[in-house]
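Same chain, two partners: chain A is paired with chain B first, then with chain C.
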Partner chain A sequence: MYKSWWKIASIILLLYTFTAGFLLEVPRLPPLQETIRNLYFHVCMWFAMMILFTISVVNAVRYLRTFNQKYDIYARQYAVMAIVLGLLGYITGAIWASYTWADPNKPVMNSFSSIARDPKLIGAAIALLVYFAYLILRDSIQDMDKKARISAVYNIFAYAILFPAIWILPRILPSLHPGNDGNPALDVKNDISGNMRMVFYPAVIGWTLLAVWITTLKIRLSLLKEKKMMS
Partner chain B sequence: MDEPESKVWNGLFWVIQLFICINAVAKSFLQESKGRMLYFYSIASPADFVLAKLLFNSLLMLLMSLLSLLLFILFLGNPLQKAGQFVGLVLLGGWSLSLVFTFLAAIAAKAQQNAAIMAVLGFPIIIPQLLLLMKLSSAAFAPLLIIPLNTVLLLIALDVMVVLLAVILFPFLWKD
Partner chain C sequence: MDNHIKNTVEFIERKKDDVMMKLKKLLLLCCLLTVSVLGMAQENKVEMADTMRSNGRIYVVVAVVVTILLGLILYVARLDRKITRLEKENK
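Moving on to the complex of A and B:
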């Protein structure tokens, strides 16, 4: 049971999310109705993605301070997992949008172009593209140390430019997405009732812990591969 | 010939700015020979070197921006209602683009890649700033809209941050 309490906590929190998230009372806002329960999945994906990108950039900084190859592997694996979460966030968001934003009188795909133009969707796409570029940059360099050094520099630079931009930009441009005059998803006054926060915060923690768990497994795998290559 | 309407004019202008910047700034690092880099390494500190590069590329890009604005007005007509403010935004935008791409050129040069990887690295990073610039400058085409000062300050703050990051991070790229 060495240091496994947070894995158990992750499972318990997610079980709670799935049961309480589907059973508890939710406010019935006119366009959303029951789809508001997607908040426990869609928004949590983006939260977990941002947390994992942050962990990745912290590891990039640690790499530049110590030049220990281990931290480079950490940074890469956290970035990959965060991309996966971002894609899941897109999928859950697409399902949600098909019930709330799409024109109900036409087939869902006909509304695609008007939905896909939303600044928040573009911002999220840009965030994912930046980290795809990070992976491309990594794979284009042969030398191990150089690869780690340059990709750590790009990671920090990209994070520092991108995140202010995608947090600020969607609040300046007009958007259909909720959370324009404040914090997306955490707007306590209008969007979510106290009841929902009882599920939402545990859900964020649960999903993030699950993602970290998956990443630690991948890190162990690639550290083992590294060791095999060295010997 | 018909002249494009102001929205198209604005969009076209900024896209052309972006490509000018990639081509003008990419030269600065990618064309340095190894021997010359070694020479710079022996006479200057990395922070001085990157600041000099940033300064040179900023000036180059400011010049290029004004030139392309002039050509746009000559060839595509002048839909500007507030020319002075638009010129200011063009200079600010050119400066922002040149700073970001100078640093990316340094990364791309160290990765021993051509300018293509610079575009791959740079496009996603620059799009948010480009969107802001387009939104700001669209106000210069309508007589009644005013340009929000907050957003201008935000762009300037981003530029200052890029310079700081370049000074902090460049030493790690520099040593080989």
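Moving on to the complex of A and C:
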């Protein structure tokens, strides 16, 4: 195990998130109640996803500049981990929404159609589907160099649609998701208090570092595989 | 004379009664007001996990979650060590 300060930092930050996240005082908002603590988990998944997609596209550009196979592996593994985080964010969001957005007088499934129509959900689904297509495109090309080059170019296009799909489009349309209609989701006065930020920002860093750690493991494994194939 | 005295006593008693009635009415009003204020306070109060925290049970949840997190981190760390060993063998 490569002992690095950032792996230890990740563990410490996550332990802090899991203890302070449950025990610290949070604002009492009627529809959310204690579920406001999901901010430390659900929202962090999306933040970590965006950071990992950014690392992925940077590596795609580096591949196109150098044509070093190593950067292609980096780009792919970071994209895969980011997709995993995105799926986790989607699932946790679905659970959260079904208890806070749904009409409490009706069974959850009856409000499903109105929830599923929310532009934030559709935007996130588009972004994830674009990245699913990235994986399919990669694995459908046999030639190593062609695969790496085409998928690097596609990665840049996918990154270009990511932020419009998850940030800009949902903000133009009316949505139930916080952070719409011109109000930022991290507004101290209306949404989260100052001491929630004290947990939220460390949580984002902690989750991101954990995701990077897992990704480096996958990168090292695929580099090993590559080496075995060459020899 | 006698009549006059009797009358004053009666008058005083009636006055006393009047004050008592007023006091009772005031007390009732106060009671109703406090009840309504309490009721309003109850409506504004958001249900939180107060009972759980007062019993100290939220710490149980924290312990469970932290255990799971530590288990997962241990797993990742062991994987990390295994891959490092593989890398050394392949050098």
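Heads up, the rule we're going with is that the second predicted complex is superposed on the first by the 217 of 231 C-alpha atoms of A that agree within 3 Å, B and C clash if a C-alpha of one lies under 4 Å from a C-alpha of the other, contacts with A are read in each partner's own complex, and residues count from 1 in each chain.
The working rule: a residue touches a chain if its C-beta (ideal position, glycine included) is under 8 Å from a C-beta of that chain, and two chains touch if they have at least 3 such contacts.
Quantities reported herein were computed from a predicted structural model and do not represent experimental measurements.
Asks: Superpose on chain A as described above, then tell me if chain B and chain C fit or clash.
Replies: In the superposition, chain B and chain C stay clear of each other.
Asks: Of the two partner chains, chain B (first) and chain C (second), which one does A:R28 touch, if any: first, second, both, or neither?
Replies: second
Asks: Which partner chains sit in contact with A:A158 here, chain B, chain C, both or neither? Use first/second/both/neither.
Replies: first
Asks: Looking at A:I214 after the superposition, I want to know if it touches chain B, chain C, both of them or none. Which is it: first, second, both, neither?
Replies: After superposing on A, A:I214 lies in contact with chain C but is clear of chain B.
Asks: For A:L169, decide between first (touching chain B), second (touching chain C), both and neither.
Replies: Only chain B; A:L169 stays clear of chain C.
Asks: Of the two partners chain B and chain C, indicate the one touching more residues belonging to chain A.
Replies: Comparing touch counts on chain A for chain B and chain C gives B.
Asks: Looking at A:I136 after the superposition, I want to know if it touches chain B, chain C, both of them or none. Which is it: first, second, both, neither?
Replies: It touches chain B, and chain C stays clear.
Asks: Answer with first, second, both or neither: which of chain B and chain C does A:A9 touch in the superposed model?
Replies: Neither partner.
Asks: Scan A:R149 for contacts with chain B and chain C and give back first, second, both or neither.
Replies: First partner only, chain B.
Asks: For the overlay built on chain A, what is the smallest gap between any CA atom of chain B and any CA atom of chain C, in Å?
Replies: Least C-alpha distance: 33 Å.
Asks: Determine where on chain A the residues touched by chain B overlap those touched by chain C, and list them.
Replies: Overlap of chain B and chain C footprints on chain A: empty.
Asks: What part of chain A is in contact with chain C in the complex they form?
Replies: Listed in rising order, the residues are 1-2, 7, 11, 14-15, 18-19, 22-23, 28-30, 33-34, 210, 213-214, 217, 220-221, 224, 227-228.
Asks: Show which residues of chain C lie in contact with chain A when the two form their complex.
Replies: 46-49, 58-59, 61-62, 65-66, 69-70, 73, 76-77, 79-81, 83-84, 86-87, 90
Asks: Which bits of chain B are touching chain A when the two form their complex?
Replies: Chain B residues touching chain A: 100, 103-104, 107, 110-113, 117, 120-121, 123-125, 127-129, 131-132, 135, 151, 154, 158, 161-162, 165, 169, 172-173, 176.
Asks: List the residues on chain A that touch chain B in their complex, please.
Replies: Against chain B, the touching part of chain A is residues 64, 119, 122-123, 126-127, 129-130, 133, 136-137, 140-141, 146, 149-150, 152-154, 156-158, 160-162, 164-166, 168-169, 172-173.
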